[in-house]
Each structure stands twice: as C-alpha cells, then as structure tokens.
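Each of the next two complexes has chain A plus one more chain, namely chain B in the first and chain C in the second.
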Partner chain A sequence: MLSADPPRGVRRPRKRTDDVAGLGHARAGLFVAPALAIVGLFLVFPAVWTLYLGMTNYRLTGLAAAEPEFVGIDNFTQALGDDAFWSSLGLTLVFVLLSGVIGQTLLGFSVAWALRHVTGWVKTLIETLVLAAWVIPASVASFLWLALLDRRNGTLNELLGTDGMAWLIEYPMASIIVFNIWVGTAFSMLLFSSALAAVPPSQMESARMVGATSWQQLRDVVVPNIKGHILTNTLLITLWTFNTFTPYLLTAGGPRGESEILAVYIYRTAIPGGQLGMGAAISLIMLVINLVIALGYLRVARGTGTKS
Partner chain B sequence: MTSASNTPVIPRPEAVPPPSLGRKLVRHFLTRVLFVVAMGLVLVFFALPMLWLVTAPFDGNPTLAVRWPDWTMSNFATIADNRYAVGALRNSLILGLGTMAVVLLLGSLAAYALSRVRIPGRDGLLYALLLLSSIVTGTAAMVPTFQLITQIGLINTHIGVVLVLSGGVLPTVIFILKDFMDSIPKSYEESARLAGASPFQILRHVVAPTARPGLAFVAVWTVVQVWGNFLVPFLLLRAPEMQPAAVLMYTFYTEGGQPNLRLLSAFSLVFSIPVIGMYFLVNRRYGFRFHGGIKS
Partner chain C sequence: MSAITTTALVKEYPGGVRGVDGIDVTIEDGEFFALLGPSGCGKTTLLRSIAGLEAITEGTLHIGERDVTNAQPGERGVAMVFQDYALFPHMDVGDNIAYPLKIRKVGRTERRKTATGIANGLSLDGLIERRPGQLSGGQQQRVALARAVATRPEVLLLDEPLSNLDARLRLEARTFLKELQRDLGVTTVFVTHDQAEALALADRIAVMKSGKLQQLGTPREVFGRPLNTFVAGFIGSTPMNLVTTTVADGGVRVGTATVPLPATAEGKVADGAAVVWGARPEYLRWSREPVDGGIPAEVSVTENLGASVLVSAHSGDVRLQLVLGEDDEPSPGDTGWVVATARRSLLFDAATTELIG
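== the complex of A and B ==
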C-alpha cells in the first residue's frame, strides 16, 4: 500500500526535490524535445522563414516558382506603395474596431451584466444560443448567414419587407462586422460573467447603500474591479479579430475588394494570385502587427499588476 | 406564517431618502420592460440565423428561408448518396483524432518534464511558446506554411495538416497540462519510486491516471479546434477526397449552380452536432477556462 504522504522525517535530503520521478535533466530534455521539434518546425520556422520569403519573387507557378530570385525589400516597397494594401489595412482596422473591440466586448459585457442576477431557463437559453454561435464550425455559420441574408429567399428580407436587398453586395463590411459579432460574442460574455461574479458583493452593497445609481455602480465599483479582465478581453479579441479568416467564406473579400480585410488580401495575393513572395511580405507585416499587439498587452498587464 | 398577498410592499430602509413609491414603481417597471425588450432582441439576434439549421434538415423541400418544416428524415439519406460527404466526415475525424493523438502524447511528456524538472529557463520558454502561438496564427503564417508543406512533400496529405495544426495548439496544450500536473501531489510518484518503479512506469501508472481530467479536457478541446478549422485544410488539401467536412461544406455552397439544399442542410447539422455536444460536455464538466488561444 502506498502511503500518500510520508512523514517529514523519512524524506532524505535530495538535491532536486522537485524531480520526484527521478527523470534527471537528460531524460527531461528527451521528453520535451519532440514537442519542441514540432512547434519549432511548424510554428517558429514558418514565422522566421516569412522574412526570407518576403524578400524573394517566389511564385506559385512559372519560372519564378522553380528559381526564385532574391529581390530584397522590393515587395515591401511595392506593398506599401499599393493603394489596395492601404485600403485593406483600413478595412481591417474598421473591422477589428467595430466588430471586435466595440461590438463583441460591449454586447458580451451587456449580456453578462444583464444576466448576472438572472437564473433559470432564460439565462440558460441565452447563454446556450450565444455559445452555440461560437462553437458551430465557421463554414456552417457562414452558410447560415448566407441563407439569412439571401437576396431572394433570405429570412431577413422577409422579416424586414426589403425584398430583393442584396445585403452582402450593398453592405459587405457591415455584413461581415455583424456576422463576426454574432460568432465571437460568447468569449466576452463568458469572460465577463466570471469576472462579474468575482466582484465583492459587499462593495456593491455599500455603493447601493449610499444611493449610487446602476451606472455609478458600474463605473465606480465594477469597472475598477474587472480592469484586468477588460484588458485581457480587449487584447485577445483584437488579436483574434485581426487574424480571422472566416469573413472570406461570406464575401470572399468582394465585391471589388470592399470587404477585403488583410487576412483575405494575403490569401488572394498569395494563393489564387500566385504571388507567394508578395504574400509573404504582407504576412510579415501582419506578424509584426500581431507581435506589437501581444507585447503591448504583456507590458500593460505587467504594469497594472493584474492577473491576465 | 405565510404572509398574505394583499399586504403592501414595505420598502427597505435606506440611507438616502427614497423617491416616492409611485415613481419608484414606474421606474422599476420601465427598467423591467427595457430589460425584457433588450434580452428579447439579443435572443432574436442569436437565434435567427440558427433557426435554419434546426428546421431545414427536416424539411422535405428546404429553401433558404426559415419556415415550419414539412417533416421528413429523408434529407439525411442524401449524405450517403453524395460522393464525398461521408468521406469528408471521416477525414474530419482522422484529422481531429490524429492531431489529438500527437498533441496528447507529446504534450503530456513535455508538460510532465517541465512540471517536475527544473530545466533552466523553463518559465520563460513556456511563456515564449504561448506568446508565439498567439502571434503566429494560421492566417498570418499561411504563406510560409503552404510553402514549407509543399517543399517537404506533404501537400495534399493528412499528415501535413495534422503536423501544422499540432504545432499551433501544442504550446497551449503544454501550458494547460503543466497546470494540471503541477497540482498532482508529488508524494504519489515518490512512493512509487521508493517501491522501485521506473520513470516510465511512474508516468504510465501513476501520473497518467491522476492527470486524466486534464488529458480528457485537452483531448476534447483539441478535437473541437480541429473539427471546425477551415483555413489549414483549405490551404493544404486540394483533392476533394482528402478534404474534411469544413472544406467540403464550403465547396457545397460555392460550386456553380444551385446548391443542393437537402444535402447541405442535413450535412451542416451532422457536421455541427458532434462539436456542439463535445463543447457543452466540456463546459459542464470542467467549466469555462481561460488559457489564452481558446479559439483561433
């Protein structure tokens, strides 16, 4: 019979008290190595390689596919001088701001706030629906929205009486923004409802005792208490929204590039467009933006001393 | 004593003189109405697109509009008739289980070693990995990933997709599993070692059973991630008979001509149900966890 907790006196002094299974450094290294190899080869290496690929004229087919040439920073100067790139970057900014930072965060917080005292089937129903939208595979979710927004038979046109309105062509950006809010609100809702549950009830009670309105309670008691969560939420949402590819399934960047966010722009340049080198150059810009967002987050998180 | 329903409501004593009872009631009523209306709108917003998914698959003649179905189960038979549909679901399963196997095996070995042995720079390594996995997303790295997999000859193979997906989720998996392993009392392993067990025996017979909830969580989480992933298989698998359901689904509605809505609706539902089921199972059993990069 194994004793769960041997008395202290029995324990012999050991150099590495942590290493209870007697792995030793060498074997520990062996245990970690395969995982690191996979991560290194399929995550780290592509990121580093982007730097090189972005400086070549690699193409998917043709002569430049067989023997790519080194072109230095040509791709970057070309991208930065291209209106299509800047318009795509602008659209991405609008998309991230409206659908992620504002849409998902506000809606997610509002739902969490509204449901904080609600129990029973209403809460379960709303939470389940919001979660289901998040969990349904992206290609199914996209089709559900294609059906909803369809010009001729779409349910939305039927409800609003706007027969024949082609939402995805008339308002492509608005469509993908609303779609992305629908998909992603669940994360903010879950994060904030667990954050709100951790706000000390005594503080809320005192605020109520001195006659604070709901708005004042929110501003002066709740927000300071959940600052860390707000930060975590905003940065993760920013990162995810910036990197989502799903709008491609809805509009494919069209019409005429009106909803071509950066993710879609890279894909269309590199794969159907065949300009791998150019695509890599824009990818590198995207990676750098990701890095800036993540580092900014780390710095702020450390500065405020809040748990991420 | 049960209070009679006709006794007036007595306002609770408060520090601030309350507004008159009438005004308070009106305000309370208005807030209530506003609340119900707002919740109703939220409900409609989230339910409306989803209604099609629960009605159309059972409708004998589905359209894009949501309507009360003309009940039938025959749509599901069209899945079996399609050339690629069953194969696509099988491919999704292969990719999901394949990634799960790689990630569980390598992830738990690494997490265990990192949890028990003080390798220099361990914490820095873990955070660097986690940071990397949130920066180097499938979207941002699609070009080099495509190029890499092409060059090593794994384009159009399931192994290529499994490796790329494993690389993406392994950092998070190691992080989660290390958390679990840290919480396992070391005395178990100590006793096993005193009884003469080798490190591998300890891992198999002591650590793995105790870490089972963590391993189960990671397993389900990984399958959920892979099941819905569109971009990586879309990039790396060109042959229709290799593609998983996520990609086939997209092919169904972007191919020229009228999409076959009977097939499309039934397939959507069959494709969505496993992942919804698994997700709610995890949520119920383990609660919601924030381990960064929950969904990428």
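== the complex of A and C ==
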C-alpha cells in the first residue's frame, strides 16, 4: 500500500503547483516577461500610438507638427468618405486576389506539383531560380523589373518587338500584379512542396488503382490532405500582399493613382502629403481589415477541423 | 476471374538495380498465391508491377487472355489493399468503400447502397458513417478490403495484409481473409515476409530472394522439400538444422556420429562429397537409450514453446535443435541420442546449395 505520509528522513516534495511546468506563477511570469516587454514595445505601443496619432491633425510640417490638436474621429470619417480611399481599397483587393490568392498560390502549387517527381540538379536549379526572386532585396528586384519593362530598350520590348511600349504606364496594375507573383511564388512553392511530400503515397496509388485521373487524384486525395496548408498559405499571402509596399518602387502608385494600393496610398498621404494624422488613421483602418481577414481564415480553419 | 502470367519479367531501377529479375510465374485462376521472401527480395516490386504501379522494364504480363504489360493501373481489373490500408481520412467508411464506383460515375444513392451491402457482408454493419480514424485496425483493414472488392476485380493484390495488426487480431484476420478469398473465388496475390503467414494462407507460395524465384510450390512442398538451403532456412518457425559435412561410409557425418543418407538421396552421392545435411527440428527425436544411427549429444539449453520445447543439443562442435513434446523433455546437461528419420531429412550440395535428395 502507498502511504500518504512520506517516511521520516525523506525530504517532503515541494508544494505542487497547478501549472504544467511546475514553476509557479511568479517564476513563470518572470520567464515570459522579456518576451512580453518586447511585444509591448514593438507591437502594442506602436498600435496604440497609431490610434492616438489617427485622432490628431498631426502634420509633417507647419504649426500642427509642433502642436498637434486632438480631432477625435474626424480623420476616420473623412477617410471613409473619400473616394480616393475607396478606389485604393478596391485596387488593393484586386491586387491581393490576382497576385496573391490566385497568382502566387496557383503558380506556387503548380511548380511544387510539377517538381514532385523531379529530382537532382533540375529540381535544385528551378527551386534556386524561384527562390532567388524571393530573396533578392526589393530595391534590387524592382530595379531589375524597371529594366525589363523600360519603354526604350527594355528587355520585354526587345523580346516582343514592341519598342516604345510603356508597360508601367499603359498597364500599371497588370505590371505590379505580375511583379508580385514573381516575387512571392517561392513561398507557396516551398510550403506546397513540403505539404505534397506529406500526402501518403499509398492514398494516391489507391486512387490510381481504381482509375482516377490526375485531376481526380488532386481533388479527392491531395487537396483534402493539404487543406490546412492551403489555408495557412492563403492567410499569409493575403496579409503579406495586402501590406506590401514594394509596387511603389515600380509605379509610385501612378499613373493618376491607377496602381495606388492601400500601403502606397497611406505613404503618399502621410509623407509627401504631410498629413501624418490622416495617414495614421488609414493605417488603423488597414490594421482592422487585416484582423478581420485573419479572424475569418481562423474561423474557416477551425470549421474544417483540419490539423496543421 | 483470371489467371496471371508473367514471362521473363524484369523491373530495373535507374542505376541498374534489378528489383525483379526474370520471373516466370503462372498464378492460376482463383488461386490464393503468396510472394514470400526477406525484405528487399523484390516481392513487393513484383506485386506493384502486377498492379501497374511500377513500369515493367522487360518481359510481359498477362491477366487472363489480355496483355497488360503497359496498361494503366485502372485498366487492369486489379484491386489492391495497401499495407497501411490507404483509407481516405476525410471520407466516411461508405464513401471510402464506394470511391471506385464514384470514379466510374455511379450515382450517389446507388453507390451508398452498394457500399452498405458490401460493408454488411464484411461485418462492418453500422459503421458506414464513421471516419477511418474512429475504427480499430481490424475494421480499417476490412474497409480497405471492401473498397478493393467493390468493383468485383479479376485480381486482388494484398501488400503485407496482416503486418499492421497486433498478434491476436492477426490470427483472426488470417482466418477471415482465407474465408473471404474462398467465398469470392478471386485470384489473390499477397506479399509477406512472414513464412508462417504464407504457409497458413496460400494455396501456393513463391519464395523469392534478390529478385529471383527460389522455389514455387504448395506450402507442404516448400516446407517439406525446400529446393535449396536458402528456402530450407527461411521456411519454418524454428529454422532447419543445416550441417555442412561430407558423405562417408554410405552415410553422412553429423557431429560425432554417422547418420544414414536421406532416403531420397541414396545413390545420388559418392563418398567424400561435400554436402549440407538438413533436418527440421520438428522431425528430430530424442532418445535416452542408444539408437542405431542416432547422434550422441548433450543438451545445453531448453526453451519452452508452450505445448512443446525447443531443445538445443551439442554433438562435437555441431549444434542441433529439436522440437519435442512437453512430456519427454530432457534437461540441460542430459546426454542422449538425437534421432533423425531418413525419410524426413534432406541433403543439399554444399557448393551449389541445391537439393540433392
């Protein structure tokens, strides 16, 4: 029989704590404190500061730069009542949908799917090329694209024999969409490569044995198996594409705001436009949209009950 | 229902490794056929070649009258149950079973009806709505079998059908499989590394090693008259005693004694020939009295096998193992005589390892 009392001479076990690690609240709190401090300093504080700025008429220069006045929700109502904001939001949604959700996801998945049986140097070469687009600094990448799309002697015009075509002016949205697909495909490709590697080969072969076509294998075996990965990928890509500023380096939002996605719109309002308070207000709206998107995905992810 | 014929079948991997190296086998219509061998012997590769999951490098494969050497897996009339069952985790049992019908564009109500019928036949009643993750190993296997037979295939392939089950369930599933195969009468090929499984289930066994066929025969033939020392050592729960020795005085030198030649080897060997003498532990007796042709030996270890005892005895530097009934077991240290029956012992050529008689 086990006795409740420890025998004499044996040290009493330390008082049990109710947390898993057995540290006690005080010491556990001490361990997470540095992380919490950093999160607070670099995430919570800027967010709160943005909220504050958004409610002032803070400007880059002039009187309001020295003594900003509190204006309440004026900035927000003004932004939401401004056609420029709504047109920018519309462009952003098109940009996210075409370049992120559809372009990067589909292209990344296609490359991963095509490469799943390829091994050796061919695979390494293609992966390196795709990855290069991702790891090249944005300033360098945009310079490469400016050279590619240049009106005079641009590589694309040389290839197509369309000398004098100003792609960035004639097709600004198409240009930044293709550019962003080019930049971001690597991430989807890597994520889907590992996801596809985790699909049990025997399930694919079971489908093949009953005569399923590649399309049916994809629909019935692959997609259900990697549903979690697809959601994660779409969430990350959506947020990244929503917030990206790099297209500014290609078109600067122009011509006439035709490629002025939200991040660019905020920049142009806040810095060249000098309205820091207004910029902060739109930033906060953008943050809320991000949160809504993220929560929406999480809901879907939980609803499907998938792992990963 | 159809026979399967392979002619000089070769599966060569890039780099020149031959998984299957020139196999000629005819598997009869309705037969329960085992591919047996140690891991890496090519048995699974052969099964997958029949399935169409591996492209055949050389030779031909016929199912029934049809040449299916280059046919797609779905066009061969072949169904396969994988070692891990490969059930689709996101579909319920009914959808899993009816999946082949879905590919064949059978309507949903019809599919559901067929699935329910098959499931009931395999004692899966009431589990149609469950997900595979909610089933036991044995039930999962039956779902996989149900999916395989849903399309009434001409040939059923099973990859290590019992290896994912625990020991007790394995016996149950073994009997179940044999009954199912008999009821369906479908030509069935299964792969196993477990000789006991092959002996218990199969009508005929193909023993393979390094991509080559070692012996093709009924369980009785493979067990009783292995064609070479590899098969002799591989088949049997306790390995056959194989003693490398020479023929002398019209008998075989085993340990400190000379035993008579096996009945079937008489007249086939001359004195001085290098041979391997083989006798199954189950076919050896133990005698406390001297016996003519008996091998004097001292018991070193005894291992209890339940209703029988595995006895290891030494005669000179030769170790012999005997399986004895539980009543007349000797103890370690006992001396006595190991008695082999000439009818049940075998002689192999020491150089070629092939059976002499």
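FYI, the second predicted complex is superposed on the first by the 270 of 308 C-alpha atoms of A that agree within 3 Å, B and C clash if a C-alpha of one lies under 4 Å from a C-alpha of the other, contacts with A are read in each partner's own complex, and residues count from 1 in each chain.
Here is the rule we use: a contact is a pair of C-beta atoms (placed from the backbone, for glycine too) under 8 Å apart; a residue touches a chain by one contact, two chains touch by 3 or more.
Quantities reported herein were computed from a predicted structural model and do not represent experimental measurements.
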In the superposed arrangement, which partner chain does A:84 touch: chain B (first), chain C (second), both, or neither?
neither
Please indicate which partner A:236 is in contact with in the superposed arrangement: first for chain B, second for chain C, both, or neither.
first
Where does A:93 make contact in the superposed view: on chain B (first), on chain C (second), on both, or on neither?
neither
Tell me the contact category for A:276 with respect to chain B and chain C: first, second, both or neither.
first
Any idea whether chain B or chain C touches more of chain A?
B
Just checking: does A:39 make contact with chain B only, chain C only, both, or neither of them? Give me first, second, both or neither.
first
So, A:216: does it touch chain B (first), chain C (second), both, or neither?
second
Going by the contact rule set out at the top, does A:224 touch chain B (first), chain C (second), both, or neither?
second
Touch test for A:145: chain B only (first), chain C only (second), both, or neither?
first
Intersected contact list for chain A, partners chain B and chain C 209-211
Under the stated contact criterion, what part of chain B meets chain A in this complex?
14-16, 35, 38-39, 42-43, 45-53, 56, 63-66, 102, 106-107, 109-110, 112-114, 116-119, 129, 131-148, 163-164, 166-168, 170-171, 174, 185-193, 195, 199, 202-203, 207, 224, 227-228, 230-231, 235, 245-247, 249-250, 253, 264, 268, 271-272, 275-276, 279-280, 283, 288, 290, 292, 294-296
Sites on chain C touched by chain A in the complex:
51-53, 72-75, 78-80, 82-90, 99-100, 102-104, 147, 151
Can you list the residues on chain A that touch chain B in the complex?
2-6, 16, 18-25, 27-29, 31-32, 34-36, 38-39, 41-47, 49-50, 53, 58, 107, 110-111, 114, 122, 125-126, 128-148, 150, 152-156, 158, 182, 185, 187, 190-191, 194, 209-211, 232, 236, 239-240, 243-246, 249, 263, 266-267, 270-271, 276, 279-280, 283, 286-287, 290-291, 294, 298
What part of chain A is in contact with chain C in the complex they form?
200, 202-203, 205-212, 216, 220-221, 224-225, 227
